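Each of the next two complexes has subunit A plus one more chain, namely subunit B in the first and subunit C in the second.
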Partner chain A sequence: MRIPPFLTQRLAISCMWIITALTLGVLIFVVAYILYHGLPLLTWTFLSEAPRSMGREGGVLPMIVGTLWCTALAVLVAAPVGVATAIYLTEYTREGRLTNIIRFGADCLAGIPSIIFGLFGFVFFVITLGMGFSILAGSLTLAIMVLPTIIRTAEEAIRRVPQSYRDVSYGLGSTRWQMVTRVVLRSALPGICTGIVLSVGRCVSETAAVMLTAGAALGFPRSALESSRTLALHFYILSREGISMPLAFATASVLILAILIINLSAYWLMRRFVTKVV
Partner chain B sequence: MTEQNINAQVQRNFARLAGEAAPPPPVPCAVGQPKMRIENFSASFDGTPVLRNIALDLCPRQRLAIIGPAASGKTTFLRSLNRLNDLNPAFNHTGRILLDGQDIYQSGQDVAQLRRRIGMVYAVPVPLPWSIYDNIAYGPRLAGIAAKADLDRLVESSLQSAFIWDEVKDRLGELATNLSGGQQQRVCIARVLALEPEVLLLDEPCSGLDPISTAKIEDALLALKEKYSIVLVTNNTKQAARASDRTAFFLMSDLIECGPTNQIFTNPTHQRTSEYITGHFG
Partner chain C sequence: MKKEKIISLVLLLMALSAISSLAVITFFIFHEGLPIIFKVGLGGFLLSDQWYPTEGSFGILGMIVGSLAVTAGALIIGVVFGLGCAVLLTQFCPPRLVAIIKPSIELLAGIPSVVYGFIGVSILVPFIRDSFGGPGLSVLAASIVLGVMVLPTITSISVDALQAVPRTYREGSIALGATEWQTTHMVIFKAARSGIVAAVILGMGRAIGETMAVIMVAGNPIGMPHGLLDPVRTLTSNIALEMGYSAGDHRKALFATGVVLFVIIMILNTIALAVSRRRAGKVLAQ
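== the complex of A and B ==
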């Protein structure tokens, strides 16, 4: 028996609704569960004080600062390198074996579990280069970890810029570099920013890679060469070692809110910036 | 003699043996030196010939129309004149194209500089997704002009020359992409004029436009020929008859004939030309 088209249409839409509702439901449940347990403990003292007795009491200010350090340094390193690679892949080479190898490499890199990056960072940055457990070693490891994301999103964004824009730019007497910087990057900026925001999120929430490289010092980091604990790692240690589940939830709440704030402000900035450019 | 030159020579000899007409010698300009002279120019993509032994003069202060059916090499010819074909790695050419007596394909030629002297308007208007002002000022800025007063002057004068100033003078800050198709194309012409070029190339600039926009662009071309040499590729033979001083007819990669427009349209030398302009094929 043939199902009438209008019925298939109804069925398809209902299925999509159910699936969407399920996905959103799980997400909302997880976030709500954490915030329910964490928010009551989220006070100004928690945000503005250092932890006491291994994190059983006190706050998470050093972790917030350490997370900001690690993330900012990682993105500052990865974004220019990643965008430059994407420009090279799309504008400065012809498709060939080399571009395929670079792209394949980036894809492989994207699929590697973060603990492997942590191990690499530990052996290479911490020991071989003698950086010790430090924010620097942690952020360089994070940078390598998010590099593929930045490369591939920037590449996609650059590819989406119409070829006709490039022709027009050449026709008006631009060099390749002028064309890339003034036309292509300007048009691809929103897409590139999306990739960077995604990377910021991954850096903020990363645990395994920073545990082996940035260390887990509780103190307030005074320079990039000191060890520091990130929020995600603090949460992991608090819960894993049974130090304090309530404060672990409070830390997780900070983490979730931080990612929310970062994303919202990034989109807000992007919209402002992009409308200004256009 | 390079291998390509030899190949071209061999091709010509074969053509002669086969009894085909030798390419006509360029019709000399009535007054003065040609602005551009195309000498024995052949082009190919991946070895497939697209232009064969083109010889043509472009005279100062003249509008040259290029007509011919699809795939006859018109656009490739146009894009060869400011070396836009160079962007395609499959492109190859033999012969010379002279601008004021200088070969534009000679090594050491600053291609960006050349493209400022020989401006190009594309078939589909492509405003960059910026304001009208920024679109017009883009070329001059590339060339290093940064002073606001200079840019303002260039923007106004080129928009006026393209017959669009009155329609956009109060909204230069608005997105050029929001204009109508006909306005966009005139902004694109103005954008090229802001480079203060010497030669203007137009690749079917009216193909997607309504008759009124087309008339405005043809009026602009008539006014512009006082300052520039213009090459207009068009699929519309009526437009060629209206809006050009000389016409060249391309067919299957060959230049069949080139002469004063009224002669081409009233008394063409070649049968194929006459068949094409009367609509028997194409």
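== the complex of A and C ==
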């Protein structure tokens, strides 16, 4: 017996709705589970104190500071390089062997797992360049890790700038560089920012790479050359070594809230960008 | 004019940073890892599951099998769910809902892997232990957690591929009397095939490379896993677990584990790039 096509269609579509609903259910569950257990423990003292007795008590201020240091440094290094790469690829050269090689490099870099970045950062920054376990080594490793994201989003954003903008700018007598900085970059800015914000998110949530490069020191980092534990790593250690479940939940809810804020702002930037261009 | 030349040169130098980082990473990982592979012998390294680094036996077969098993499991879940979401989003979902669902799935990708691992170990692992037996920390648990983690990758790349199919294909098929579902799986799916394959391969790369979540739910014993409910150690967790206290040959062997992982990932990347480039060429040719 043949099943009539409209019935198959109805079946298939309902299956896909169920699948999508389940997926969204997982997301809601993960966020709700962490926030439900963590938010009640999220107090001002937790955010403003240093941990005591290996993290059994106290707060996470040094980890917040360490995470901010690592993320900020990584983005400060990766953003200019990534945007410059995107400008070069779109405005300063023709498509050819060289652009293919550059894109191949970025695409491959994007696929490399974070643990490999960690191994590399450990042997290159920590040992060969003598930085030791430090925020600097961690953030340079993270910078290489997020570079492809920034390149790709910046390139897409720049490509979406209408050709007429460039023509008008040239028509008014500007040089290429003036055209790029005053016209193209300005209208591609929200798109570029989206990429940067997403990279911030990746830096905040990264664990494996920073574990092998920034170390796991509990103290308050005084300079970029000191080791510091990031929030994600702190959460990992707290929960894996069973040091303190309540504090692990509280740390996780800080992480989740940060990621929610970061992703929402990336989304907001992206929408603004799309409506503006269209 | 001279200024423009300098600017162009500086930009070129910056643009070369990605490819040169890749080169430096490759050099250092191989430089650290290769000598021990030659010392132990390729066969002894890849084809033995005896990993007793303090006694000088470095066999990673168990971990290779572990990584592959976990990845295969993750792909089954990731592909079914990821493609289901992608097809729904591109073909059957009202735009207003797409505007909510798509960013939510992207948010799923933003959640730190340690959080997934934590949820896995506090909910999924006890559930598996109570309902299927075994220690709970298992191939199955790792596959499910990884499946959820690779799902957004597969969804977002497949969505791009499905959206790139020209509208005329769809209209032509509907005009011939096919239902929307027939159109989707007979026409649009075929046209977007290479993009979807690339999505699956990239998802596979993510699953093999994921570390922290797997460590938390897989149990990490040494040796070969024998079933879905057996605990398992992957290549990535081997590196992350032992890096902290290793030294000498042991450390080099961990880098060698990294070399194997790196080679697998590069092969997958290259296949994915080649597949999606072929698609780009084909679309241009039309």
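Definition applied: the second predicted complex is superposed on the first by the 237 of 278 C-alpha atoms of A that agree within 3 Å, B and C clash if a C-alpha of one lies under 4 Å from a C-alpha of the other, contacts with A are read in each partner's own complex, and residues count from 1 in each chain.
The working rule: contacts are C-beta pairs under 8 Å (C-beta built on N, C-alpha and C of every residue); 3 or more make two chains touch, one makes a residue touch a chain.
Please read these numbers as outputs of a predicted model, since none were measured by experiment.
A.B. asks: Which partner does A:Met211 reach: the first (subunit B), the second (subunit C), both, or neither?
C.D. replies: second
A.B. asks: Is subunit A touched at more residues by subunit B or by subunit C?
C.D. replies: Touching more residues of subunit A than the other partner does is C.
A.B. asks: Is A:Leu269 touching the first partner subunit B, the second partner subunit C, both, or neither of them?
C.D. replies: neither
A.B. asks: Applying the document's definition of touch, where does A:Pro113 land relative to subunit B and subunit C: first, second, both, or neither?
C.D. replies: A:Pro113 sits against subunit C, while subunit B stays out of touch.
A.B. asks: Answer with first, second, both or neither: which of subunit B and subunit C does A:Thr175 touch in the superposed model?
C.D. replies: Touch status of A:Thr175: both partners.
A.B. asks: Going by the contact rule set out at the top, does A:Val183 touch subunit B (first), subunit C (second), both, or neither?
C.D. replies: The first partner, subunit B, only.
A.B. asks: Once the structures are superposed on A, label A:Leu89 by its partner contacts, choosing first (subunit B), second (subunit C), both or neither.
C.D. replies: second
A.B. asks: Which subunit A residues are contacted by subunit C in one complex and by subunit B in the other?
C.D. replies: Residues common to the subunit A contacts of subunit C and of subunit B are 175, listed in rising order.
A.B. asks: Of all residues in subunit B, which touch subunit A in the complex?
C.D. replies: Contact set of subunit B toward subunit A: 82, 84, 87, 89, 112-116, 119-120, 122, 124, 126, 128-130, 138-139, 142-143, 175, 188, 191-192, 195.
A.B. asks: Residues of subunit C touching subunit A in their complex?
C.D. replies: Residues in contact with subunit A: 3-4, 7-8, 10-12, 14-22, 24-25, 28-29, 32, 80-81, 84-85, 87-89, 92-93, 101, 103-108, 110-119, 121, 123, 148, 151, 178-182, 184-185, 202, 205-206, 208-212, 215-216, 236, 239-240, 243, 254-255, 258, 261-262, 265-266, 268-270, 272-273.
A.B. asks: Touching subunit B in the complex: which residues of subunit A?
C.D. replies: Against subunit B, the touching part of subunit A is residues 94, 162, 164-165, 167-175, 178, 182-183, 187, 277-278.
A.B. asks: List the residues on subunit A that touch subunit C in their complex, please.
C.D. replies: Within the complex, subunit A contacts subunit C at residues 5-6, 8-9, 12-13, 15-17, 19-20, 22-24, 26-27, 29-31, 33-34, 80-81, 84-85, 87-89, 92-93, 101-102, 104-109, 111-120, 122-124, 128, 144, 147-148, 151, 175-177, 198, 201, 204-208, 211-212, 232-233, 235-236, 239-240, 248, 252, 255-256, 259-260, 262-263, 267.
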